[in-house]
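I am attaching a structure below and will ask some questions about it afterwards.
Letters A, B, C and D mark the chains as written, and numbering starts fresh at 1 in each.
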């Protein structure tokens, strides 16, 4: 579904990530782990086209999107849940979700209401505060709104950047279950950057470890052992 | 500023430049052209004043012409009161006051009988306005955009007050028919070499003074404030004081330039502190290179002399200004350091 | 009582003119953060276009609304594409670049149409005056008031009730996130700039008959527009309307016992004082830095 | 927690409220003189905000801050700086267009008032001090280079030099090793151990390896509050800390 071939990207002139080769097959759940500041978010931003400069090719469902601008890439089928959630503070929950529909392709416009119902069933809390402003929501509520919004673009692949960071444990549980359900029951391809290695081990099919801007380890999720964690994550 | 050999040759370069300007009257004796050249030099000084506050300290002062205008009015008031009886109507009152049936000289005109007070006021009044502006802008830590808007608005307030108080300021047509400047036996005829030499000598003095200021520690701190104001604040400097000081020095230079301009133009008018002039000064600095005093001075000379030469024909003048507008935009987009940036000494 | 009514009417008239001028600027500044110092020149372009259409092609004021808007909007679109687009990460420089554009537009008009003053008569059917709450008021000024309200409601409707408006507000809040959801931020910025300049031109066309038209007429509008936007704060159109009213009524009140020039000066001083205490304007919520 | 009195810096139930959102909440925190304290915690825990309120960049809405026995709550930045508080920022803030030498000279200059700086020039005697500090941070041969042309690591060190030149008694460092290579990080460790001798330091950091090398005591922040505090070893095995921050929830025994 998503294929990166020796991709590198830059903040201004300084190299951020380099020689990235990564493939996420359709229906797969791929976890990106690694210490802070190693380029995990940079990798997702590169896929979205938010970096100053990017080399190498990025391929989505057989189509090369590396030349497209961010907004065209989104329309090709990227559902993005940014770090810090990126909720529009002055928009209500409803308006934030409508923003999600901007990237839908023409052919699946009729199923919009159906998708609205579906996402509201996944995250009932959103229905409760329908008219509340994004800026007045708690971290957990914003996170669920961010995921719902990304789902509404009917993406080919859902891209999540640390969705459980700084959120109280019970909501984390809920989000993790929703992601597993979306992947297992609805065959939604997911790529996720996550600090919580336990969740990746449980939910992901395979994973990659990022160190100083390069993928240095990867494979099927059962390969995540305590010494691997010890070596790359805690030190 | 650190290396002694560069130190010397910057001064040397300035010295040669000023010397060359002194030679002009020998090559050219057409009084009209000499008078025109004096005005270009005054504009050069005005550009230097903006270069110090904007180029060196990062204060985008869109109302820089207000200091220039205040300086010119102070000089005009002194010279007006020097004119012989014929012009001043009964009891030495300026003509425009008589027409506006003002009975006796307002209190704030009194001290201007003395020329030296006029000159002192020509610097003091702009500096006082700069201190007030400094309190307003830098006290409240307004951002770059607000500084630009507030300085522009402040100039317009002064402009409107001068236009409105016709009885005391001559309103729209300003203060005209001034006597020529006389210092003891010395007389400075606006169209003669005497006024020109006065202008160039004052310019030389101011140019060197400004150069010294930029080479002083305070000059270095000005540039540090331009680059990263917060870092300077966290090194213990009271940034508000430094910015106000930079604005005051710039005001003083602007006032001097305004006084010289009135001596040469023989009148003072609200257009000396108007938006179009203020805008032109910004253009001279941007094109010439605001971060270099010399660059801004040269930028002003080139553009104003160009306008002067082409002023006979309407179309040439407008095309020239149009081209200047284009060069201004290009320099904002691609050449933030202006012409001076091309051969500045700081390399990779 | 008599005094208050005439006072209120004259302040409404000034408010409507201020609102029309400031609206275009507020929309551009609010969305893109660009400080368009050429805004006055676009008002001037609107006035000259209306004069051209009226005297050369005999098209009436009302009929020329659409053409004026389109011509100037196209001009704004071109300028945004060629120049402004490169400066979105250097907002302070947009002040300089747009001022340069103002100079060019002024000189362009001087070279083509010439610098002598032009006059636009008020259309005959609006020339008279009518009585309103027992006051004789010029029909044209009432028309301007209604037209200003109409433009305001149109702008409000587009921004708050259409899909484009929602995209525009999304881009205002977070440009990157908006593009991550398929919104072409670049196109939104260009459209906003064109829309803002178009409204400025309409303001010019309708204010022109009240005053003369000259290449440098824009200069005195730019400061008024800025004061309205800066005082009103950029978060909401309502803020712009409210601050137009505040400035409109204050200046008409001061003008009633002194004159216009002094009124303008005092209003500027008041605004500078207010900005010292509340730099982000009167109508914005304190947002987390 | 040591007794509060002889702490160089003491924050008492401090709160920072951004329009309803409490970035720092009922925060008590004290560091004694000569100590190097590391402040760690997940993103958005309020670490940087704590540094901001100590040095005066952000105003605290409740509580007070005592530095060297004096109340510096919400004072102006330059006043706090003059009392001996130095601050290094997350995004390095140096004077881009000035040369390294000019950068250092702005910091080295002891007389702060405008009036005596306007009449003073570069004093050749200061050249020695500049060479010394340039040596200390490894920028000896870049003195005439404009700061904008330095590498990311060099810019971080230049900023550290600017702070150290003021010889503050308390130095606040915000993620000094962010974006540094391994070699540069190890250099920074050496640098910090030298600084420890004569300064008190509070370092906000993510790189646990770096924290281990330099820190005596570690404080862990979570959602604006102090979650735990103690020796580096204790913190590592503290359950609450693991769950909130290290995130491997006892993975070690999986």
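One rule holds in what follows: contacts are C-beta pairs under 8 Å (C-beta built on N, C-alpha and C of every residue); 3 or more make two chains touch, one makes a residue touch a chain.
Computed from a prediction, not measured in an experiment: that's the story for all the values here.
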Shortest path length from chain A to chain B (each step joins two touching chains): 2
Relative to chain D, chain with the most remote C-alpha centre: C
Most centrally placed chain - per-chain CA mean versus overall CA mean: C
Between chain C and chain D, centroid-to-centroid distance (C-alpha), Å: 48
Centre distance in Å when chain B and chain C are each reduced to the mean of their C-alpha atoms: 32
Chain centre separation (chain A, chain C; CA means) in Å: 43
Residue list for chain D, restricted to those that touch at least two other chains: none
Touching two or more other chains - residues of chain C: 287
Residue numbers on chain C that touch chain A, as the complex places them: 166-167, 169-170, 173-174, 176-186, 235, 287
Residues of chain D that touch chain B when the two form their complex: 55, 57, 77-78, 81-82, 86-87, 89, 93-99, 101-103, 105-107, 109, 111-114, 117-122, 145-146, 149, 159, 162, 166
Sites on chain B touched by chain D in the complex: 1-2, 213, 215-218, 220-221, 223-224, 226-228, 230-239, 241-242, 245, 291, 346, 348
Sites on chain A touched by chain C in the complex: 48, 50, 69-72, 74-75, 78, 80, 82, 86, 88-91, 95, 98-100, 102-104, 149, 153
Residues of chain D that touch chain A when the two form their complex: 20, 42-45, 152, 178-179, 181-182, 206-209, 212, 223, 236, 243, 246-249, 251-254
